[in-house]
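A single structure is presented below for examination.
Note that the chains take the letters A, B, C, D and E in the order they are written out, and that residue 1 is the start of every chain.
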Amino acid sequence: MNFLGIYYYWVFAILLMVGFYAVIAKLNLIKKLIGLSLFQAAVFLLYITVGKVEGGTAPIFASAAGERLFSNPLPQVLILTAIVVGISTTALGLGIIVRIKEEYGTIEEQEIQEIDRQ
Amino acid sequence: MYYAVTIALLVTMALALLRALLGPSVYDRVLAVNMIGTKTVLLLSVLSFLFGRPDFLDLALAYALINFIGVLAVLEFFRVRAEQDKSDANTESR
Amino acid sequence: MTIVFGVFLLTLMLVTAIAIVRTQNLFVAVMLSGIFSLLLASNFFLLDAADVALTEAAVGAGISTVLYLSALALSAQHEHAPYSSHRLIALAVVSFTTLAVIYATFDQPRVGDPAAPVHQHVAPWYLEMTRDAIDIPNVVTAVLGSFRGYDTLGEVFVVFTAGIGVLFLLDKPGARHSQTQTVGQVRLRHYLIPRLVGRMLIPFILLFGLYVQFHGEYGPGGGFQAGALVAASIILYALLEGETRALRALPRRLLTLLIASGALLYCGVGVAGILLGGNFLDYSVLADDPVKGQQLGIILIEAGVGITVTGVLLSIFHAFAARGRF
Amino acid sequence: MTALQAHLPALQVVVPMLSAPLAMLLREHRLSWTLATAASLCAFAIAIALTLAVFDTGGMRYLMGSWPAPFGIELGVDAMSALLLLVVTGASSLALIAGASSLDREIEVERQPLFYAAWLLALAGLCGILVTADAFNIFVFMEISALASYVLIAGGPDRRALLAVFKYLVMGTIGATFYLIGVGLIYLMTGTLNLDDIVYRIDEVAELKPILIAAGFISVGLALKAAIFPLHVWLPNAYTFAPHVVTVFLAACSTKVALYVLLRFNFVVFKPYLEGHDLKFAIFALPLALLAILVGSAVAMFESNLKRMLAWSSVAQIGYITLGAGLVSVAGLTAGLLHIFNHALAKAALFLALACLAVSVSKLRIENIGGIAKRMPWTMAAFVLAGLSLIGVPGTAGFISKWYLITATFDSGSLGVLLVAVIVVSSLMAVVYIWRVVECAYFREAEEVQSAREAPLMLLLPTWAAVLLNFYFGLFPGVPLELSSSAANLLLGQVP
Amino acid sequence: METLLDILSWLLLTIGGIFVFIGGLGALRMPDLYTRMHAASVTDSIAPILIFVGIMLQSGLSLASVKLAAILLFLLLTGPTASNALASAALLSGYKADGPAASEEDAGK
């Protein structure tokens, strides 16, 4: 059970690695953005994992829930905000990519830099 | 018994994911996405009863609706692309 | 047992993530990130985060897929070179980061341990005070709207910034401009059945969006999710009937007004707190009874969030759509 | 008035924030400019009022929504935030006033209301970071200011601005996410997000491994945002291709605010509890600072694009600030913080002078400005005087902070001599790169500048205001000095 | 009566689970797109009916049942629609069941 308990953290670490790697090593700008959202998703997972209480339920009082143990609401609130921040960044990034494509005709970092050098 | 259904759903999600990874055509992948979407709806409905919180069915409802929009957006994307190809071909032949 | 489900879903997520990075077809990458988002949301649900799962559904499976596809339609659909020449350096940096994270979390409080410090300090207070001072069932909404309402104000302005950013970037006059006038009418014309079903669904999605907005105090949901759903229903309308008709129903000018007024509403509620003798964002002073005041304040700011999010998401969608033919 | 005074920390953020949607709604670009400038000046006035309050009482606290401290979000203003608030709001106001005549050339009139809204949001975000006392709230406002700055930079007329801004976006988001990981780890161990409460509870944490890693993540993430040396790669291009007044604004504040958060976390949160933190921080900061100073100045010497030259000089100046902090002493920190203020003054004046030049010279390259001093005497005089401050000539603000930095380094023993040598060498390099411009502008001839005319008054006035402030604070460094020394004492936990 | 309902609902749930699994297997193993789509439709139509009716029997007459019915209705509306649209998109683009499969190149460009 202990292994399973720590598995979440490992997945967080590996997802972080995959996303981060895509951001640094990929040349295609859209791929970089996708990597960035994976990278952020890993952090969301960390926070939500931290907030889980074993045997708890979602922190919404309801007659069906009764007097049960509730999971921690705070990380959920933080991640709600962070998800919104993430999608905002993505939208702005995509806007910039579309403009880059219009100005340069490509969205590959290397090719853009070559065009600039000329 | 909810457990049995949940396991069946999870395994099916894995199978659909495999289909999405294997392709081979983009339509197969869209099919897989759609499948995983509906499986998520089912999973969430079953899980909310498993957890004894039927008030979370709202989530499943939201998924069912959003998933459909996603598929339509993909179709629109195909249409736009087909048209782009056509216009590209036209300009080339001219 | 649920933890086994979670582990299974996590493994699927890992596979998907690796596949996303490996594929060179951007369209496939976007489809796979849709799957990733669904899996992530299921996982959030398993971890008792119903509100977050709803948001992830609206954002990941809905809005961000639509945005990525719009951008793909306007740019390229294939990567040219897979990796930069610095991939070894990248690998080193990334491995180092990962090792650091693993080192940090190696002997952490086990996932879900109720005795962990996280669950001892601030959280119990929120659970208790939500009952006493605000008296609404959804603790997440209470924390989001009132206890940490200032964060949410920031969140609204992040969305607002992204909205004006995309408008600023893409409404550049002189650049290639809308061809939607002619093409817009024939959207999805071949697909008769989707059009009929879609048209039937639109009012329900809209209604459901409003339900999520106003039911946010009682169940999972709130302004952001509602805004995303309402925006999704109008995006669906635009997909089915064409840009032009969607813009006729909700013209750009009105969208701009929506964006600004939602943000102003939120800020205004905060300032009203000051004017009525409390602190900024203090809702207790809004009504005679502090509890009623809190509830009123939360409803108002959630409305502000919903309005701004709807306006921003639609503006972004139209800004992309006006660039090309998507 | 007294009733309102208690709300000043909140108003500092709310005034620019509330004006942003209004600026967007005003369709006429002059009107939105007026609104933006008024809001910015108002924020500046609030910053001054807050500074006075800090002098009076030592600091202010504010409870958002009246919820008690570790549960709700708390705002806190102390000497350090007051110093930075003055810089941020002041730079924003100066740059906006200058922008009235400069921006029309770079951004279409129809898009300007959106631009001013983004500007106000950037200002609100930066102020928000400075006044808050909550770790997660810092993240939220960091993202507001970051997204708004991307928009501002993307307003640049050159298409290369787009790639520069995309890189900035990727790097900035990585930095913010690293910060978020760090905060998450701290939260995992302490269960709280309020900075003071973290300090209080970190004491009880037995297992310090996650805190150590959190310190690493937060430091690296913020170093990315602050463009500390090897992580500065986004900065030169972003500054070069941004609209000129945006460069004035951002160069003066955005990296400094990230530095502020970095210092606050390292000294207030981590220093007392992590074993050997002083040494680790010094090992982290000092070599990077030295490299930044040397590499930044060296590249600036050979750069022929004027804006990029000054951007590289900014990399070097951030090195000075990190150097001061890396000494981990009251004197060093005082010098570092004072340099934040003084460098902002000098850089704002220099970039404003470049904005004046840009009125007549289309490409700001060194070979294009030969003999321009005859045509634009006021502009070039401002450039030279601000350059003196950057170099650190006695009588200017730049001299004061360098002097304090040198005295502080001497205290740190044998290593000090090496550090002093680096500072002196880099100051000489600064002489070289400023001199190259001066030589070209005064003693060479070029045909392109024949038609050049002096910049409009609306641009010259703020430029000269910035230049004169350099001299004023060079002769009477009282206010910033007092603020930074009490901030340094605060950070190191010594009651002044 | 109680036990009868229970047994019936468990039976429905189990059969639903089996159908879901069969559909998933079919989507993976079938030779080309159209047959795969056919298999996938099983999980989109019959399986939700069985599963949701099974759950509804458990929850009795309540708000939850109404919501379940609504979700079921939406799934039954959107699932086949999506399949139809996808199939027609594939067909229009010239994807043939027995001919040379439309490659990623054709579709991804």
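FYI, a residue touches a chain if its C-beta (ideal position, glycine included) is under 8 Å from a C-beta of that chain, and two chains touch if they have at least 3 such contacts.
The structure presented is a predicted model; accordingly, all values stated were derived computationally and were not measured.
Common partners of chain B and chain E, by the touch rule above, are C. On a Cα centroid basis, the chain most remote from chain B in this structure is D. Between the interfaces A-B and C-D, more contacting C-beta pairs are found at C-D. When each chain is reduced to the average of its Cα atoms, D sits farthest from chain E. The distance from the centre of chain B to the centre of chain D, each centre being the mean of the chain's C-alpha atoms, comes to 47 Å. Chain C and chain D have Cα centroids lying 31 Å from one another.
Per-chain Cα centroids separate chain C from chain E by 27 Å.
In whole angstrom, the spacing between the mean C-alpha positions of chain A and chain C is 12.
Residues of chain A found to touch two or more other chains are 16, 20, 50, 57-58, 60, 62, 74-75, 78, 81, 85, 88-89, 92, 96-97, 99, 109. The set of chain C residues touching two or more other chains comprises 25-28, 50, 72, 77, 101, 105-106, 108, 118-119, 122-123, 126, 148, 151, 154-155, 158, 161-162, 165, 169, 172, 190-191, 194, 198, 201, 204, 219-220. Residue numbers of chain D whose C-beta contacts span two or more other chains: 136, 140, 143, 147, 150-151, 154, 181, 187-188, 193.
Chains touching one another form the pairs A-B, A-C, A-D, B-C, B-E, C-D, C-E.
Contacts from chain C toward chain A in the complex involve residues 3-4, 6-7, 10-11, 13-14, 17-18, 20-21, 26, 29-30, 33, 36-37, 40, 43-44, 47-52, 55-56, 59, 63-64, 67-68, 70-72, 74-76, 79-84, 86-87, 89-91, 93-95, 97-98, 101-102, 105-106, 108, 110-114, 118-119, 122-123, 126-127, 130-131, 137-140, 142-144, 148, 151-152, 154-155, 158-159, 161-162, 165-166, 169-170, 172, 175-176, 218-220, 224, 316, 319-320, 323.
On the chain A side of its complex with chain D, the touching residues are 16, 20, 23, 29, 32-33, 36, 39-40, 43, 46-47, 50, 74-75, 78, 81-82, 85, 88-89, 92-93, 96-97, 99-100, 103-104, 109, 112-113, 116.
Of all residues in chain D, only 7, 10, 14, 17-18, 20-22, 24-25, 62-67, 70-73, 108, 110-111, 114-115, 117-118, 121, 124-125, 128, 136-137, 140-141, 143-144, 147-148, 150-151, 154-155, 181, 185, 187-193, 201, 205, 207, 209-210, 212-214, 216-217 touch chain C in the complex they form.
Chain B makes touch with chain E in their complex at residues 1-2, 4-5, 7-9, 11-13, 15-16, 18-19, 23-28, 30-32, 34-35, 38-39, 41-42, 45-46, 49, 54-55, 57-58, 60-61, 64-65, 67-68, 71-72, 75, 78-79, 81-82, 85. On the chain D side of its complex with chain A, the touching residues are 136, 139-140, 143, 147, 150-151, 154, 159-160, 162-163, 165-166, 169-170, 173-174, 177, 180-181, 184, 187-188, 193.
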